[in-house]
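For reference, the structures are reproduced in the following blocks.
Here come two complexes built around subunit A, the first alongside subunit B, the second alongside subunit C.
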Partner chain A sequence: MGRYLLRRLGFGLLLVFVVSSAALLLTRLAPGDIAAPQCLELSAEKCAELRASLGLNRPFLPQYLSWLGGVIRFDFGRSLLYSRPVGSLLGERALNTAVLAIFALLAATLIGIPLGIYTGTRAGIMRSIVRAISLIGISVPPLIGSLALVFLAARTGWLPVGGMTSSGGLELTWAAWFADLARHVPLPALALAIPMAATLERLQSEAIASASHEPFVAASRARGVDRSRSILHHAWPVSLRPVLGLYGVMIGSLFSGSFVVEVVTSWPGLGRLMFDALKARDLFLVAGCAATGAFFLAAGTLLSDLLLAYTDPRVTTGESR
Partner chain B sequence: MNRQPRALLSVLLIGVIALMGWLWWRSAQSDQDDATQIVVNEVSTRGGTLVSSLRSEPRTFNRIVLPSVPTDLYSILTSSKLVRVNRATQEVEPALAESWTISPDNKTYTLKLRDGVTWSDGVPFTSADVVFSFQAIYDARTESALNEVLRIGGKPFVLTAPDARTVVINLPGTSGAGIGILDNVTVAAKHKHEAALKAGKFKGELAVDTPPADLLSIGPFKLTSYSPGQRLVFDRNPRYWKKDAAGTPLPYLDQVILEIVPDQNAELVRLQSGQLDTLQQQIRPEDIATLRPLEQQGKLRVIELGVAADADAFFFNLRSPYWAKDPRRDWIMRKEFRQAISHAIDREAFANTVFLGAGVPIWGPVTPGNKQWFNPNVPRRGYSLDRAKEILAGLGLTNRDADEWLEDARGTEAHFSLLAYRGNSSLERGAAILRDELKKIGIKVDVVLLEQGALLDRLFSSNFDSIMFVFNATNLDPAMNPDFWLSSGAAHAWNRLQKIPATDWEKEIDDLMGTVMTNVDPAERKRAFDQVQMIFAEHLPMLYFVAPRLYMGVNARVGGLSASILRPQLLWNVDQMTVKGSR
Partner chain C sequence: MTRRAAIMLVALALFALLAPWLAPYQAGEAFSGFLHAPPMRPHLDGLSPVVHPLVLADRLEQRFEIDSSRTVKLPWIERDAAAPVFLLGADDFGRDVLSRLLYGARTSIGLALVATLGAVLIGALAGAWAGYRGGWIDEAIMRVADFVLVLPVIYVVLVLRAVLPLVLPPSTVFLLVSWIFVLVGWPFVAKGVRAIVAVERNREYVQAAQSLGAGPLRILAVHLIPACGGHLLVQATLLLPAFILAEATLSFIGLGFPDPIASWGTMLAGAGNYNAVARFPWTLAPAVAIFAIVLSTNLLTSQPSPRNR
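This part shows the complex of A and B:
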């Protein structure tokens, strides 16, 4: 188990290193830089001075090596866009994204898994309805989904249409602040959760349908175990393997790829930070965001592998291969 | 076999549920509509919170270092100017300087500062602060964007402070903009920032991570909190110096909140739902129709500000070396080619398609929105495909083969690429119209949409055939936009930063702009600038087609509005804005 964990950790570190380095290189290679809008109003000399003062005239290799040296000391450099250390920006935004991701994941699990078990083990009109809805859920891109939810919230007034807290949130007590946060979370969390829940439903449905036909499930039924108990205690644990495998990817994408939902719903998270950094060509901030996204992807994959190992011990020893 | 009826039944059931939901929602909406009656223009005189939007985060709070939309807005809320150009009337008004005299040679301004003005920490504002602010601007280590603006002939102003309330500004030459040039100056507190300036670290002052308590204000509000990615909250500055005509201390509002909303669609939805009182900038033409129902219900007002001062511009690369080895060089840099394009564009159709009718045809960079400087007599090369084809034939461009495109005598096809800024809907649509309209006269246009940084990179390196872009005016006086007009300017986009004027007509414009920038006689300045516009219209280094009409959406609870076509269209006058009721 120890060697397995070490191997996974090594893979995670390699992923973070490769992704952040590639992000830095690609952003550097892309045409234009953060000084471009200002240079539109400056003479060539002043523009060159500005670029020099921002360190944009340095050759890539020394710039990359000094950034890498900083990263080893957990110093991700300074954001040119916000004039702040990248580390502190990542910290506060990752926390906001974590709040959103946890709620989205929870909602997706609570909706997708039970519905998947239901549709995988039942027949009838309700099954068809759920399958049709999940097909819509899986087909609607997050952009459209979040815009539709924002529109619905605006027309009904049931939920705030954006932001993480209300304007007066700063003067609230902790309890009131939390309640305010709880009102803001559902909209972006649902926008993220709906396609994930639909995916989980479909995967869980197929997996449990297949597991239900295994001989040990039939044997349990023959022993007199009732149908529901047989499905939950015998078929479901077996069907979890492909479902848990999906969680690693979902966690990674929630932390690194939810920028569309974050932009539309004005949620101050990592995705939006990455979007702003890319637009402004803020080199170190792009690399920092990419590193954080890769870290969460690696962490998510590790977590799902551990869960798999818990449900199927052959995973750690490689027996299942 | 039984799957199909079941699927059909499922779809029907979903449809029925959706219909029932819709009917229930409609009935809930009509109940809600009856319950909400907002009376337009009935506003309280004091108190309340105004919530506006901000599309991007501030990079610094130091406007001396970096004027930008968020920093300008921060400055309007927390700072005051020595003199202010009223954005609605374009008149110069007293501000921190309550009066001034100008020497007979127009080179010395003597400002009398207002008595009893203090910073938000209680320290008096004096002439030393003004002198210090100019020192900060001119210090090379500050890298101030204002450093080049506040010079005449490349030389800085010289300031002295004979006493605490008097500032004498000696100009190295006369300024056409007059005392209004000081509208650009943001004052800084000497007692707070002097040590940083001496240490060469003024550039890092007023950074966005400065604790709000350390940020001084001499404006109507002071920043009390900044939540990155979320909002900036400003509370009333009780030490603000300004009072209204009745002697009531300003501002009327208790609080201003700027919500950071990066997405324009989300911004509009928040305005519609009442979570925002107004927006950072004008609404898009396509959004006006969605706000009309709310306007009819009395919840919102859609205010027409007038014709915008700036419009989308189309220009060719007029730098000769770029075309030196290109077979198109014989005709693509000719003014007749650009004149033919002007004739080929139906500006009415352009206005209808790009701005959904909310635009007026224009013939040069100065729009009718700039009432003081607009020259209505510039030549107009209106829509005429026949005239366009005739001009092109004069350049040797005719259809010499079986395809639909024109060719020159050497067989080179009449085509060029057009770069436009991806994400700006009016530029994207404008580029598409241009492509379609020019196809009618046999000119092929390849539209390439680029993200802003990439487009600017191509502009700076002069690596483009043509570009469609918008240059935002920050001031209506052309003397304040020399970068655009002068051949040596950085925003002289068709041929930037020329050491000597590349053409006779650009030299002529340079000379006339010298008059506009240094002559103090308004009539002389206007005459010179009228001539500049005539030359521009003849040579068309940039083609302009339509200037949009500007509209702002405002919650009906907001009062005390004085709208301007310049940004920020409403908040420039925030100290006199009011709101009705609490949020």
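This part shows the complex of A and C:
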């Protein structure tokens, strides 16, 4: 187990390194740089001066090596777009994205899993209704879902549209800030959660339907265990394996989805930051965002794999084979 | 259900294909007096369907009133340049949403189809080659595929598109974006194909073909890749809506097609702020179209298993 973990961690680090380096290189190769808009109004000498003062005229290799040297000491360079160290900017925005992702995952789990258990074990009209809703749910990707929810919110005024807080946030007390945040979270989180909840419902439904046909469930019923207990205590734990496996896959789509939702609802998260950094050609910020994205993805996948191994001892880590 | 979904997909593809004949107006045709005109409802006047024309009531508020004293024939029957008919409303430039939806279907579905075909083709070739040859080729191809699969896809697409010049001619954008999609899409196909080919190549029919003197190319093309047909079809139906959505996302944030080109993404980009969305919901028509495509592909690919019916 220890070696498996170490290998996975190593691979994750490699991924973060490659992704951020590639992002840096590609952005550097891209036409235009962060000084380009200002240079439109400056003379050639002034422009060259500006570039030199921003360090844009350095050759790629020394620039890259000094950046790499900084990264080892957790110094991710300075964002020229925001005039702030990249590290603190990233921490702030990554936290915002994490808030969104966690609420979305929670909502998807709390809606999808119970409904899946229900539709997988009961027959009747309610099941058909839930199935139909869930089919619609998987067909509403975050882009469509967030646009629809924004439309709904703007029309009805039930929820604030866009942003993470309504005011600057600084002059608010903690409680007021939290209440404000709680009003802003549901819309983007729901847009992300709808397709995930539907996917979970369908998979859980399939998994528990096949698990409840296993002999040991019949045996528990024969021993006199009542139906709902035999489903929840005997069939459900066994059906969890494919469901937990899905979480690993979902983290990737959560990531892509949250980018779209952040753009549509002006949520100040990592995706938006990356987009702004790319447009402005803010080299170190692009690299930092790419690194954080890759890190989240690698960490999420690892976490879901560990959870899988923990709940199902049959999962081998490649050593016992 | 599966049949109905297939019919719906074919119908949508036909709409896209026949856009120039079905669309009442050109995609870029703007009627300056009709910015954000609401949809008009056709009714029957005798035997011919007609609408009441719109009159601008307040230019500042962009408010229109229905002039019920007059009627205008539908543009398919008779075109009246002074009184255009917007069955699905008009967008922020006064362009007909229905026409743009049809032309946009061409761009969006066309791009997704090209990218899907490319990804399936490259994925099938790479996967089959890896599965058939085995050894270090297999190892190398699959490592690359695994690596691409764990990348944060949206960032890869963003970076690849953003580092290229932002303003490009539409045909270049089409090629470029489809190549980017192929690049992130092929591993999904390749992994399955490799697994199938690695098993199938040891089957008797392959050995029979080998003993009859068939070369590796022939075996791959005639025997092994056709054996993956089902997998390829499933992957194609999964990739197609994903690519349509990816195009919409790219164009929505301004990294896809430039505005005068009608694509579902550029149309959504025009619709995409809170104020506009609330006041002019008909500009969200492409969102409904994308939903229809995703829904029908979901109906095609995912049915509950017999045990769970």
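We take it that the second predicted complex is superposed on the first by the 295 of 321 C-alpha atoms of A that agree within 3 Å, B and C clash if a C-alpha of one lies under 4 Å from a C-alpha of the other, contacts with A are read in each partner's own complex, and residues count from 1 in each chain.
Operating definition for what follows: a residue touches a chain if its C-beta (ideal position, glycine included) is under 8 Å from a C-beta of that chain, and two chains touch if they have at least 3 such contacts.
The model shown is predicted, which means the values in this text are computed figures rather than measured ones.
**Student:** Put subunit B and subunit C onto subunit A via the superposition and say whether they clash or fit.
**Tutor:** Subunit B/subunit C on subunit A - steric clash.
**Student:** Of the partners subunit B and subunit C, which touch A:115 in the superposed model: first, second, both, neither?
**Tutor:** It touches nothing on subunit B or subunit C.
**Student:** Is A:30 contacted by the first partner subunit B, the second partner subunit C, both or neither?
**Tutor:** both
**Student:** Is A:263 in contact with subunit B, with subunit C, with both, or with neither (first, second, both, neither)?
**Tutor:** both
**Student:** Is A:273 contacted by the first partner subunit B, the second partner subunit C, both or neither?
**Tutor:** After superposition on chain A, A:273 lies in contact with subunit B alone.
**Student:** Between subunit B (first) and subunit C (second), which, if any, makes contact with A:187: first, second, both or neither?
**Tutor:** neither
**Student:** Does subunit B (first) or subunit C (second) touch A:129, or do both, or does neither?
**Tutor:** After superposing on A, A:129 lies in contact with subunit B but is clear of subunit C.
**Student:** Contacts for A:148 in the overlay, against subunit B (first) and subunit C (second): which applies, first, second, both or neither?
**Tutor:** Second partner only, subunit C.
**Student:** Check the residue A:289 against both partner chains and state whether it touches subunit B (first), subunit C (second), both, or neither.
**Tutor:** second
**Student:** Identify the partner contact of A:94: answer first if only subunit B is touched, second if only subunit C is, both if each is, neither if none is.
**Tutor:** Neither: A:94 stays clear of subunit B and subunit C.
**Student:** For subunit A, what residues appear in both contact lists, the one with subunit B and the one with subunit C?
**Tutor:** 30-31, 131, 147, 150-151, 154-155, 161-162, 263-264, 275, 279
**Student:** In the complex of these two chains, what residues of subunit A are touching subunit B?
**Tutor:** Per the touch definition, subunit A meets subunit B at residues 30-33, 36-44, 46-47, 49-50, 53, 81-84, 88-89, 92-93, 96, 125, 128-129, 131-133, 147, 150-151, 153-157, 160-165, 167-168, 170, 263-266, 268-269, 272-273, 275-276, 279-281.
**Student:** Quick one: which bits of subunit C touch subunit A in the complex? Just the residue numbers, please.
**Tutor:** Contact set of subunit C toward subunit A: 147, 150-155, 158-160, 162-165, 245, 248-249, 252-253, 268, 271-272, 274-275, 277-278, 281, 284, 287, 290-291, 294-295, 298-299, 302, 304-305, 307-308.
**Student:** Can you name the residues of subunit A that touch subunit C in the complex?
**Tutor:** For subunit A paired with subunit C, touching residues are 15, 19, 22-23, 26-27, 29-31, 120, 131, 135-136, 138-141, 143-144, 147-148, 150-151, 154-155, 161-162, 202, 205-206, 209-210, 213, 252, 255-256, 259-260, 263-264, 271, 274-275, 278-279, 286, 289-290, 293-294, 296-298, 301.
**Student:** What residues of subunit B sit close enough to touch subunit A in their complex?
**Tutor:** That would be residues 6-7, 9-11, 13-14, 25, 28-29, 32, 49, 51, 56-57, 59-60, 66, 143, 145, 148, 204, 207-209, 225, 227-231, 233, 257, 259-263, 265-266, 269-270, 272-273, 275, 451-460, 483, 488, 490-491, 497, 583 of subunit B.
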